[in-house]
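Shared between the two complexes below is chain A, which pairs with chain B and chain C, respectively.
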Partner chain A sequence: MIQYYFDWGVIWRSWDKFAAALGLGLTLAVVSLAIGTVIGLAGAMARVYGSRWVAWPVWLYVEFIRNVPLLLLVFFIYFGLPEFGIYFLDKTQSFVLTLSLYAGAYMTEVFRGGLASVPRQYMEAAKAIGMRPWQRQRYVVLPVMFRITLPAVSNNLISLFKDTSLAAAIAIPELTFVARQINANTFRVMEAWLTASALYLVTCYVIAMLLRLVERRYASIR
Partner chain B sequence: MMDKQQDRSSLVRRGLFGLSALGAAVGAAAGGGLGLLAPRAAFAQAVGKSRLQIIKERGHLIVGTGSTNPPWHFQDASGKLVGMDIDMSRLLAKSLFDDPEKVEFVLQGSDGRIPSLITDKVDIVVQWMTVTAGRAQQVEFTIPYYREGVGLMMLARGGKYTKFDELKAAGASLTVGGTQNVFLEEWVRKALPQAKIDAFESPDAVLQALNARRVEAYVADQSAMRWLMAQTPGRFIDAGYGWMPNSYASAVKPGDPIWLNWVNTVYKEAMMGVDFDSFAASYKKWFGIELPMPKVGFPSEFA
Partner chain C sequence: MELEPGTFLFDAWTARYALLNGLRVTITSSVFSIVLASLAGLILGIVLSYAWWPLRLLVRLYVDVMRGIPVLVLILFTYYGLALFRINVPPYWAGVIALAAFATAHVAENLRGAVQSVPAGQMEAAKAIGLTFPKRLWYVIVPQAIRRMLPPWVNTCLEIVKGTTLLSVIGVVELLLANQQVIARNYMVVEFYLMSAVIYLVLNFSIAQLGALLERRFSYIRY
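This part shows the complex of A and B:
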């Protein structure tokens, strides 16, 4: 059996900190996903429709971000950019920038796959009824693509929310940071990590449920 | 020489788990079995015989210390145990045997400092030990050889502030960094009540945050701060304010006034007498500070 005496009093006393941390983590994830979606859309368009000179840098960006651990990207933006004289981002903005770039790379791939799987006939039909190129994108390709990629986007949101735990490394007071702070102050290690885990678990599950409802409402294939 | 000493040290340390004489015997047997020199533990003194005499007869001093805390006791690039605590130990050996190498280091964690004295594993503990009234009921402290405190380190060039008054005046617009620990917030609040605090996981992250100007000052032990400053001359400056004082002293097993008094005499003369030059050289090496020569004439410590 576990030889450990639990004392949850510490957790109750820090409940406001946990709540604030959870809110902060969610905000970081949602904002980054929003920016990442814009980056991803532009990136996917560039890779699918752009010339080689546009597609190639995007490919480089995606492969670089996907193949470097997120923690190192966080360190690079937070510790590295000031070395190049870029000071105007504070710690939270630095993290949002990192996570957005990270999300952007993944979303580029998601949307690229989505664009590729829009049936060719839809495009031909749109041409046949006389739609202009931007109308074909706006009314045919993008709506279909969004429906196809919705499950992958939800996955990314959940995964981004969990990635916000890395913000603790640069002293941003999200869930992991708060848990670590309680560990340092009270040595109630089990209680702090169990609480953080439970909060991550429940939050991710709730996000997944909500997104499943959205998917059920909008998904193209039933 | 050093390696052999450390092998022996670890055996002695292992012996600690076995408690007292039994443990020492097991340790000695293991040492002999491995073909190494058996560790000669600092056995309990015979009645009426001071440890000073026992050490003289044994031919070397046994010191309990650590190996992981620069600039106090740590391994340098070549793996040799060095630091301020090590220098103090070598000074004792030199004073006993006229040979600073006649010292055996028993490496232990901070929690081993009192038990190793009580169980006679070591003659003396020289391991950045803070003097407290509670500890003084279990061991006897020598006179202190350093006063530790908290300080603030800033970038020498390119930082926003240059001295403590400016930090204080900055109020809530100031961010200071430190390693996440129980006292960090309390420490900072005492000196800079309004400053924002960024708590990092490790000292290197705080240092990098300071380098990247993410924080304006690094809150750390004065000695750690001095060591960093001595490592990279000209890069960092001290804000010039120290607080939360606590004294570092060596400790011995209680009840041996002759031994305690001898150590005190050596320490005192190192700080203001015949061994001042060697003490000052160590101080300069580990903390980067030039100590003022003790005033000749009336012994000012009695003033």
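This part shows the complex of A and C:
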């Protein structure tokens, strides 16, 4: 057995770094989820109601994103977009773009499943009382679908938050990056990684609990 | 066929051994992780379903902790942490251990779900005809649980294959890092990243197909 003396002072002194990193990670996850939700809604609509020529590219997009590792996508977009003449994204924006596209693919699948599980009678009833197509979507189908998919969406938010750790690979100062920096600068290996792990763990649980509350608030049967 | 220097095909052909070696590392590390995770997950899943409650609590804690920490953090933690205990593992094995530890939690949780979805009457009936616990598991529970177990298990396998890219962060030259090393030399960013994306797509599609085949194999009901 070797001796390892814990020295939490290092962590203590850089608590502001950890706090900023945690905030950044959460922001990245929430922003990407928001953009991903918009992409997912459009994608699901296209796949369910669109013609073959719209549905097929969306299918390709979803399968591509879901079967290619996220880290590869991060590098591809970060290093690849400038090749196409897109220079104006800094690394954070490029990561948000990646994570949004990634979230969009997963949300497309979630919403597609949600749309399929809205009972057909709702649509028929809406037709029967004379609603226009967009009214049927806006007032009948979408509210029901959101309730059905809420648990899946909150799972996605949690996994997106965990995926923000990949931002460390392109030197965005979120939790993993900060922990790695402290590890490299001070050799307080255990302290740095235990802190990062604990912060991720606690944040995931807090998010999960908050979302559970939201789910209960909006459950279809109260 | 003559290959022009400076074209993608020429560079890909020049770097073929490096790239193939990367592919080999990706595949072997995935296979090792999948095998380790499946075996450990099987045991932990059974513990989670049937064991004495303090043991169950311990495993539950492990599963929940593993599911709340990003894989990348686990990999880095394992890599830097093991060195502290004078365990001199190469990054490859540190990565495999971390990936397997992560996937074990998922397999265990899926197995618990599958076991719980088998109606309780099955276990009671097996008890009533006097089967011992291992036999009850093997002849009654496992054949029914395995069908519900397979789809999430295939998903976990896909996650592992995608997760091996994270080993590049600790310097394991797997497919992604091999591609990056080639890119660092010739700056063909789009071509080589796209090629590796296609390779991952093919890998994952074949695993999904294999999984579908297995599911079909186990799907019929044998009375």
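Here is the rule we use: the second predicted complex is superposed on the first by the 217 of 222 C-alpha atoms of A that agree within 3 Å, B and C clash if a C-alpha of one lies under 4 Å from a C-alpha of the other, contacts with A are read in each partner's own complex, and residues count from 1 in each chain.
As a convention for this text, contacts are C-beta pairs under 8 Å (C-beta built on N, C-alpha and C of every residue); 3 or more make two chains touch, one makes a residue touch a chain.
Nothing here was measured: the structure is a model prediction, and the numbers come from that model.
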Task: Superposed model, chain A: greater residue contact from chain B or chain C - done: C
Open item on the list: Let me test your reading of the model: by the given contact rule, A:Leu60 touches which partner, first (chain B), second (chain C), both or neither?
Closed with: neither
Open item on the list: Looking at A:Asn185, would you say it contacts chain B, chain C, both, or neither? Reply first, second, both or neither.
Closed with: first
Task: Which superposed partner A:Ala196 touches (first chain B, second chain C, both, neither) - done: second
Task: Which superposed partner A:Val206 touches (first chain B, second chain C, both, neither) - done: neither
TODO: Examine A:Ile86 and indicate which partner it touches, taking first as chain B and second as chain C; both and neither are also allowed.
DONE: neither
TODO: Classify the contacts of A:Ala169 with the two partner chains as first (chain B alone), second (chain C alone), both, or neither.
DONE: both
Open item on the list: Just to be sure I read the superposition right, which of the two partners does A:Val214 touch: chain B = first, chain C = second, or both, or neither?
Closed with: neither
TODO: Quick one: classify A:Ala125 as touching chain B (first), chain C (second), both or neither.
DONE: neither
TODO: Check chain A for residues that touch chain B in one structure and chain C in the other, and list them.
DONE: 79-80, 83, 168-169, 180
Task: Contact footprint of chain A on chain B as seen in their complex - done: 177, 180-182, 198-201, 205, 208-209, 211-214
Open item on the list: Using the touch definition from the top, list the residues of chain A that touch chain B in their complex.
Closed with: 78-83, 87, 91, 168-171, 177, 180-181, 184-185
Task: chain C-facing residues of chain A, complex - done: 2, 4, 63-64, 67-72, 75-76, 79-80, 83-84, 162-163, 165-166, 168-169, 175-176, 179-180, 183, 189-190, 193, 196-197, 200-201, 204-205
- [ ] Note which residues of chain C are touching chain A in the complex, please.
- [x] 65, 68-74, 76-77, 80-81, 83-86, 158, 161-166, 168-169, 176, 180, 183, 189-190, 193-194, 196-197, 200-201, 204-205
